[in-house]
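First chain A sits with chain B, and in the next complex the same chain sits with chain C.
== the complex of A and B ==
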């Protein structure tokens, strides 16, 4: 019994520690620095959708004993499976390059040199973790270090109470002339950063690695609801901190270095150190997870041998495809685009293709042949579809507007 | 076929009209970004000298600011929606002064970091105002 509670506790804690990554750091900081508390709703809405999707993902793996990609292929056929796979390839390639960029920037914040110098070393470390590290270490190691992100709340308490004018931006955001498209663009990027489909694949693959069964449904729900619920508080803290420190200084959080200035204002050098350490742990952890999720997706969809617990030679194609994907993302990162801009491209594109990525999964979650009495309840379908459509519609409206105005990162 | 073309044309016109109403011009958008980078540089410089920020963090940050501002200066007068005449000349002049502070920031205690701070703040405020029309 006590082991079971330990498992639940660890699941919740690691979910909290791994909630933020380069996407949520970038979008939360830009949201707060530009629109005060006016986009906290996007973090909350995205978290609700993520909780639902991760609960479904774990439930599916535990009850059906199947993998995410394997089920999509089995239910819809190989040709259809290629459609969500293509969307995942593009978004995850951009996201992996951005996560490695974020990790490199964190290293440069400690050592003071240009972040691009660290990029190849970070890529090598990510590859080594993917190639040799056991699943438990990948899942728990960076996530436990990522708990440093809770220091964002300490930063807020150090600075003091936000002004009533700032608090009122939560329900009455202030727009300067012509900034409606920017507001929508950051909203959609926030939703895309929070509801990342790679998390669904990674979570489902992890549940199979750990051989979840119906007995694991409690751990699944606790990790999904409590872990991500509390985890989202770190992203909300960053919105608040940026709104309190960066917005009055007219700093737009266009680079990750700027984001850490709010922690330096609150806690001095210790604050900037905590920010850099949290950025390193969360981005590195997310980079390995994105890579692993993409390898799961391809290997499971093509019916190859897969698993992080297996020796590389036992799952040769799984490891090879991961290595090739890492090389592709590495090349994208070398093109010179700043990680913040790359993150915004990745997250807005993610939101745009959310229906392609996740509607097939929702259909599978309603199939009683796979799930029996554990199939989705109607409210779960309605809630998920509403959030995915909101993200899609805002993406369709805001992306052309930002491109026409020469913005978009 | 004609009806489809009309619908597409109407949609494109709507997006174009909406972009005028809900989006900023290229100049306003870029001026806001430049103002923000100069503000970040000013804050970084101040925090280093107030002992709130480690030197390594500041070094890395200034490299990022340089990278963000790279090549923007000469483009300012040519941007869509940019002001004309003396207004734009003043912005370019302020940009050049502030850019020097970003390129060679005075991070050691001995040098005159306060004049760099003034240049960065002045440029930041001017670009922020210009971005709001």
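== the complex of A and C ==
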């Protein structure tokens, strides 16, 4: 029994520690720095959808014992499977490049010199983790270090109480002229950063790696609901901190160094250290997870041998395709786009293609051939579809507006 | 499997192929049937390969794949090799007995062995 509670605790803690990554750090800081508390709702809404989707993802793996991509292909056929696969290839490639960029910036905050110098080394480390690290280490190691992100709350308490005017932006956001499109753009980027489809694939793949069964449903629900619920508080803390520190100084959080200023101002050198360490751990962990999720998706969809616990030579196609994908993302990262900008492209595009990425999965979650009595309840479908559609509609409205105005970060 | 069990294409197409030693070697991309004397149409082979997959997407893509690969990677598994049918199709033989999924071994032998810590022996 105690082992079981230990597993539940670890599941919850790692979910908290791995909640933020380059996407949520960037969008939360930009949201706070530009609109005060006015976009906290997007973090909360995105988290609700993520909790539902991750609960489904774990439940699917535990009950059906099938793989995510395998089920999509079996249920809809090969031609249809190519649609969510293409969406995943584009979003994950941008996101992996951004995560490696975020990790490199974290290293440069520690060791100095330009982040681009560290980028190849970070890519090599990500590949090494993918190539040889055991699944448990990938899942738990960066996430435990990522708990340093809880120090964002310490930063808030060091700064003091937010002014009533700032608090009121939560329900009454202030728009300066021409900022409505930016508001919507950051809202959609926040939703795209929070409801990450790669997490759904990674989580279900992980559940298969760990041979989950119906007995694992409790752990699944606890880590999905409690872990991500508390995890979202780290993103909300960064919104608040950025609103209290960066907004009054008119600093737009356009680079990750600017984002780190909020912690530096709140806690001095210790704050800078905490920010850099949390950024490193969470971005590095997310980079390996994105890479694994993409490799799972392709290998499972094509029916190849897969698994992080196997030697690379035992699952050769899985490891080769992951290595090639990492190379592609590495090249995208070398094109010269700043990681913050790349993150915004990745997260807004993610939001735009959310229906393509996740509707097929929702349909599978209602298939009693796979899930029996554990199939989705109607409210789960309705709640998920509503959030996906909200993200999609705001994306359709805001992205053209931002492109026309030449903005976006 | 009982004699009277009816199967539809959905029971076969895109399903996982797993060998007797538990290796996942691919998914069914297509099937081949045989028209026998006496007017019997019998399922003969399960097919895998890029050409068969391309044909599932668009006819022109299959033509392109045929031109590029000339059927070099198309593989068939006789239905007599099928041990059981479900979302996973269990095969009677071990992985090395099938041409399907040999690319896993080819990549390990010709590429991964030169990369450190690949576990190739």
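For the reader, a short list of remarks on this structure follows.
By definition in this document, the second predicted complex is superposed on the first by the 409 of 409 C-alpha atoms of A that agree within 3 Å, B and C clash if a C-alpha of one lies under 4 Å from a C-alpha of the other, contacts with A are read in each partner's own complex, and residues count from 1 in each chain.
Please note the rule applied: a residue touches a chain if its C-beta (ideal position, glycine included) is under 8 Å from a C-beta of that chain, and two chains touch if they have at least 3 such contacts.
Note that the structure is predicted; figures quoted are calculated from it, not measured.
After overlaying the two complexes on the shared chain, residue contacts for A:312 are found with chain C alone; chain B is out of touch. Once chain A of one complex is fitted onto chain A of the other, the partner contacts of A:268 are limited to chain B, with no touch recorded for chain C.
For chain A, the partner that touches more of its residues is B, with chain B and chain C as the two candidates. Of the two partner chains, chain C is the only one that A:303 touches; chain B does not reach it.
Shared-chain residue A:401: touches chain B; no touch with chain C.
When the two complexes are overlaid on their common chain A, residue A:70 makes contact with chain C while staying clear of chain B. By the touch criterion defined above, A:257 reaches chain B but does not reach chain C. With both structures placed on the common chain, the touch criterion links A:361 to neither chain B nor chain C. Overlap of the chain B and chain C contact sets on chain A: empty, with no shared residue. Listing the residues of chain C that touch chain A in their complex gives 13-17, 23-27, 29, 53, 56-57, 87, 101, 103-105, 107-108, 111-113, 115, 117-121. Contact residues on chain B toward chain A in their complex (touch as defined above): 15-16, 18-19, 21-26, 28-30, 32-33, 35-37, 39-40, 43-44, 47, 51-61, 63-65, 67-68, 80, 124, 128, 132-133.
By the touch criterion stated above, chain A contacts chain C in their complex at residues 66, 70, 73-74, 77-79, 81-82, 131-132, 301-306, 311-317, 319-320. Interface residues of chain A, counted against chain B in their complex, comprise 105, 108-115, 176-182, 249-252, 254-258, 260-261, 264-265, 268-269, 271-273, 276, 338, 400-402, 404-407.
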